[in-house]
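Chain nomenclature is as follows: A, B, C, D, E and F, assigned in order of appearance, with residue numbering initiated at 1 for each chain independently.
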Amino acid sequence: LTQASDALTKAAVLTETLPYIRTYHGHTVVVKVGGEALDDPQLARVVAEDMALLALVGIRLIVVHGGGPQVSAAMQQAGIEPRFVAGLRVTDDASMEVVSRVLVGSMNTALVGRLRQAGLSAVGLSGLDAGLIEAVPTAGPEGEDLGRVGRVEIVRPDLLTTLLRESYTPVIASIAPSADGVSLNINADTVAGAVASAVGAAKLVYLTNVEGLYRDLGDEGSLVSEMKSDELASMLDSLSAGMRPKAASAVDALQGGVAKVHILDGRVPHALLLEIFTEDGIGTQVLP
Amino acid sequence: LTQASDALTKAAVLTETLPYIRTYHGHTVVVKVGGEALDDPQLARVVAEDMALLALVGIRLIVVHGGGPQVSAAMQQAGIEPRFVAGLRVTDDASMEVVSRVLVGSMNTALVGRLRQAGLSAVGLSGLDAGLIEAVPTAGPEGEDLGRVGRVEIVRPDLLTTLLRESYTPVIASIAPSADGVSLNINADTVAGAVASAVGAAKLVYLTNVEGLYRDLGDEGSLVSEMKSDELASMLDSLSAGMRPKAASAVDALQGGVAKVHILDGRVPHALLLEIFTEDGIGTQVLP
Amino acid sequence: LTQASDALTKAAVLTETLPYIRTYHGHTVVVKVGGEALDDPQLARVVAEDMALLALVGIRLIVVHGGGPQVSAAMQQAGIEPRFVAGLRVTDDASMEVVSRVLVGSMNTALVGRLRQAGLSAVGLSGLDAGLIEAVPTAGPEGEDLGRVGRVEIVRPDLLTTLLRESYTPVIASIAPSADGVSLNINADTVAGAVASAVGAAKLVYLTNVEGLYRDLGDEGSLVSEMKSDELASMLDSLSAGMRPKAASAVDALQGGVAKVHILDGRVPHALLLEIFTEDGIGTQVLP
Amino acid sequence: LTQASDALTKAAVLTETLPYIRTYHGHTVVVKVGGEALDDPQLARVVAEDMALLALVGIRLIVVHGGGPQVSAAMQQAGIEPRFVAGLRVTDDASMEVVSRVLVGSMNTALVGRLRQAGLSAVGLSGLDAGLIEAVPTAGPEGEDLGRVGRVEIVRPDLLTTLLRESYTPVIASIAPSADGVSLNINADTVAGAVASAVGAAKLVYLTNVEGLYRDLGDEGSLVSEMKSDELASMLDSLSAGMRPKAASAVDALQGGVAKVHILDGRVPHALLLEIFTEDGIGTQVLP
Amino acid sequence: LTQASDALTKAAVLTETLPYIRTYHGHTVVVKVGGEALDDPQLARVVAEDMALLALVGIRLIVVHGGGPQVSAAMQQAGIEPRFVAGLRVTDDASMEVVSRVLVGSMNTALVGRLRQAGLSAVGLSGLDAGLIEAVPTAGPEGEDLGRVGRVEIVRPDLLTTLLRESYTPVIASIAPSADGVSLNINADTVAGAVASAVGAAKLVYLTNVEGLYRDLGDEGSLVSEMKSDELASMLDSLSAGMRPKAASAVDALQGGVAKVHILDGRVPHALLLEIFTEDGIGTQVLP
Amino acid sequence: LTQASDALTKAAVLTETLPYIRTYHGHTVVVKVGGEALDDPQLARVVAEDMALLALVGIRLIVVHGGGPQVSAAMQQAGIEPRFVAGLRVTDDASMEVVSRVLVGSMNTALVGRLRQAGLSAVGLSGLDAGLIEAVPTAGPEGEDLGRVGRVEIVRPDLLTTLLRESYTPVIASIAPSADGVSLNINADTVAGAVASAVGAAKLVYLTNVEGLYRDLGDEGSLVSEMKSDELASMLDSLSAGMRPKAASAVDALQGGVAKVHILDGRVPHALLLEIFTEDGIGTQVLP
């Protein structure tokens, strides 16, 4: 009896979920994973497995990751005290070396390894590879010198297109060179948004460590399940420091042709899978 | 709370079932549907929807159908009394006209229509189309004249290959011409087996109106869940008249390179879907 | 001597006719064959052989057929009295079942078989296959309920294109489903015209059982050998009931981009072959 | 009445001849045209038109030509007396210059022009182009020094394949360089045979100025309509000087995989067309 | 020591020259070679080798040649006195036969042979081949009857494109038929310009027997190293008779989309190679 | 004058060197760059420019790099004392983190950046990407536990093939995962050899900091300019510790189908360019 009801449940779930495969088959989804999600090995494993399942049903995945906490830890280990201006890490040359080593040589390789274990042909990249991203140095909001901090100027999606066409999964660390070849530290949320626009992604998903976007900062009851790009644009100033670059990039990406942006709670197991395959969204979904 | 557990259930089912997509993506599965399954509109709808879901995840489906009961009914309506020798319908010229009209003009068009409603680009065929199947007339086991009854001599799979490559779903009625162009009535189970061999199918599925294959005819406890082709070959004589052509075709198909044959209870809702997507088989599975 | 003159005759005919191959090579010609032509086995064989020769020289053929007389006969056999309103068959559910069985299961399979014997890779289709034709129910000219009678709403030529590209010859029976999947009985002349427009045919040929189009109904001397679409449009009301749908479809097809429409006497042996390969037309030719 | 009988004749000829299109469609036929045929403008025009018709129905033509009479005339004009050893022209450097100018610069361009007027995209070639043919110098039968006379050593068919694939008609003049780049005068009959083998031609046709091959030289009644390669090989010594290289090349070509060799009377109008399109051969046909 | 400095020199040259490969890789360069250059065997060999090197690095070469001196010599040999009107050779039918024989049958085959020896797969062509060039007869500047002299009316580049795509090097002799198939004698400089426009060449190079273009005819100090198309157009009347058609064709070619025209001294060894691979031009370069 | 001699020199160098482009066009060359070469910015720039020139002329480059000195420095900075057994770095987990960060996050990104500045579309990889390399842990020669040190077990060249086909230049850091996903430290010389075999490279080049291979260690006069694989295999034990893995990998690569291995002095400017483009080798060349 249980087995029969189990079978019925399976059939019901399949009947509900499989049609979403048609919706996203062959489409590109960009997922930004926060450094926190990657720090919890159990969570990181589930995220990797969900991504493998998405690739399996024909979704073309691009993964973008940051690594703030891990960079700060490594800097302190190297005797450099992290310093921030308006949420942006002040990055001198020695710090930049740490950023590059931690993001590319440690976090990116670890994530690529994890995705490989889950069955994906992941390929680690940064903005340096084949000129994928070109950045320009930026100052702080009041003109502060931030050192080697930059923002995305150009995304050249050819390498991504080549890799996706051959069923590889690009995994991008958020550093990129300036036009004259100097590596710069870039906010990973904005990298995710710029890449999503450049490849014409169907979805951009932020896997965060909050439940979603709150209309009123601090009021848990004000969690937004769906909103328009315009409204989000008007709320930018009232958002938390961590949410602001996500929200700004979401607005840009939606203007750049991305069809939907999702801000999900990466701590919920299988959040990514459920978001793609079920009708009731999780977290916040932003429409153009 | 319920919603969370519901989400967990969905995630669990997806995690279990999606990997089967990788196994069968791009592979060809031949499904023989019995006339009985097509007589129950509710069941026929579920079968059509399951097939549409399979096509959705990249399985290349070929459907073969018979129509014994419907042919007998139409013959009686036309004043011809059905007559059988060793389970084979004696088919004079007038009967053959009825067979062709009912199988091709009524059951095939109805099934094509149903599959189309479920979202599939189904294309109705018979052995006549583009010389798909060539048959030879056969006599009964003791040399009885059966009239226009034949067995499959050649399958030319080019038309099927063309249609599958362009994502159409061929639906084959079991009549076929002899070399000199005379239409013959062919057993649909053997058509399914011969087609499965000819296209190199990964699976051949018989959707029947029994639970599976019984080791001892009449003993429900002797349902076989898995067996080897050799063993099945040695059991052929002890099988029921309806099961014998399925079993013989299964043995032939496995020798012809088909990887697995399944005999499923088509009356179980979503039997086809569950067979493809879950580990515990339903009915009987025969291996080479 | 005779042999030499015979050789000269052959050379002369070849020299005259072969250049037409260049004109039509790779172009699509839609031929509507009336039910009468298919009833005379000798004529039907010649028509099939002509079609095979056309395909041989690189013409892409699509065949459309009706089957009025045969349907009426089968209805009477089943105890249903055929009834017509303004030349349109009143078709209740039982009649529709007869229509489908006779057109698809009997006449289409017979024509496919004949073409196969003549060397063509013919594939039998109806409007149901892969959603080839979508129809809408129609009433009689004065709003009479005609039951399951429809007219062509949409032609989706993908399946035809796929088959023609691979050198198959589609043979279309004139039934088609409505948007919600109910099979309807459609006039074969209008199916031929709509299909010719949809595939961008170079020619649409009606093989009829009259010599062509008469300017004055009943006056044999008024046979028209060539006319413009406009003139034909203005004559529609004065035409015989059987000619009217051909003429109306011809006008539509010419507007839809078909280059020429021919109304030929299918009873003249090799009418089709001579029409394509010689300069002096047979029957009536209509230009845009 | 006459018109009807005329129509019937046309239909009969078409019905007889069109099936040959299937036989040769896409196959390659090499035609050697003698210098005599090219000297009669009327005949040359008919030959060109026949070739255009063959190309029209999908036959891939390669034309090879000699030009003995024209070369002799030009040599005499230049004050050089033609001299032959065993039918081979003794060719000193000054003579070779005349050969090259006449064959390539006069006869080849004239034939290319004629074929172009008849509707073919002809491309003039010699053995020099893209290393098409490599030759070796040869002495006379008793070791006589013949100067710049050679025989075919290698045929590199790539250029021919490229041109045929794009529907061009190669027209080859029979001169070719030695391995070290010295142009040599080659017998056009042997060039035709070697090219036919190299491209795997379905047919090699010699358009000559005799009725065919005679079993007994001088006895018109001994014209052979069909013979085997072996028999021809055994007859080589008894043949006329002009027929010998044709016959020897025919034997070689049949061994090299060419399916049939024809020796036709090029003076019969449309000989080429009738040979391809009718059952009763003209002239002599040699089988492997 | 010498070896080391030699190595440094090689490295320096490679470092300077290899980047030009990127600039021209896959681009088409049309080179017009004068009859004089072809008369000096040593020079002709070097030119052939330079062309082979250019092809080697991925440049698609088209060679056009004239043959004025050689034609005049052959005419005199045939007892015809060359006669010119405004630099154009008066060409009666007998002269045209000489032109065709010398250009196509002698100079073109010799150049093709030379290029083949240097490693190129050269294919000799004239305007007759596959309708490459169509010409119209022209009169002299004051309406003089020049006989069979023409100018380029149409260039159909398909054959060139086919050959270049398969890495063949077309070598074009400057004769071409009129629309009704009469061969005409065309100035090779204008053929080169028209072909360069038709294929969208990146460069058109005239290999001449002068150092370049002089601003003041006769003043060696007035050699122009670079000029604009407009300026050249305004100078046409003051140029030497031999330079005028080059200059006029250069102006036309630049208007027709060719990026640069070069007038080089073909007597300088490796002029062609150095022009392509070094920064300091040789001779005169004309820009749009 | 000087300019003329300069032009002659350029022409001479081009004439000598360009033919080598034919030899290597489209072939794959694997270059191993030592950590030392990358430490000297001037040298590293020249190497990058040479590589860009090679890619320019159609050579498909794969770059493999180590980073011994840089890793040791970083370990000491992190307070870990480097320890070696038989030339192999003992690598505990903390050391492996340093290896990964330095090789992938610092040296690989720097080299990718440099190649990008020189004009190459370089893509940084390690053995982790898309399962490019699978390694197995190895012990020291006497069974010593070396921690996370491994040797190449499998190279899966698909990702390299994809990137090369699209004109990207893979740059591989020498770390690779075991079958169960643990990153291991691998000798870069053996990675280069294994990759060269796997992709069927035409050449494997070791850019070292010695002049080449000495027959007698310590005797500069015993520099070998060319040797056979067999002889090198027999010398393995007598080689310096740094040369041994290069030599052993060279032997393996030559057995694996690589056509030539070169051991060059990377300190000589343009060593790579001269090796490819001139006849006199530099350093030592090993043949199968």
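In this section, a residue touches a chain if its C-beta (ideal position, glycine included) is under 8 Å from a C-beta of that chain, and two chains touch if they have at least 3 such contacts.
Quick caveat: nothing in here was measured; it's all calculated off a predicted structure.
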Selected pair, out of A-B, E-F or A-F, that shares over half of its residue contact pairs with B-C: A-F
Of A-F and C-D, pair with higher C-beta contact tally: A-F
Chain centre separation (subunit C, subunit D; CA means) in Å: 47
Interchain centroid distance [CA atoms averaged], subunit D/subunit E, Å: 35
Subunit D-subunit F separation of Cα centroids, rounded to whole Å: 59
Topology of the chain contact graph, where touching chains are joined (line, ring, star, complete, other): ring
Ring of chains, enumerated from subunit A in the sense that reaches subunit F first: A, F, E, D, C, B
List of subunit F residues in touch with subunit A within their complex: 77-78, 97, 100-106, 108-109, 112-114, 116-117, 121-126, 128-131, 158-159, 162-163, 166, 168, 175, 177, 181, 183
Interface residues, subunit A side, partner subunit B - complex: 3, 7-11, 13-19, 21-22, 49, 53, 56-58, 269-270, 273-274, 277-278, 280, 282
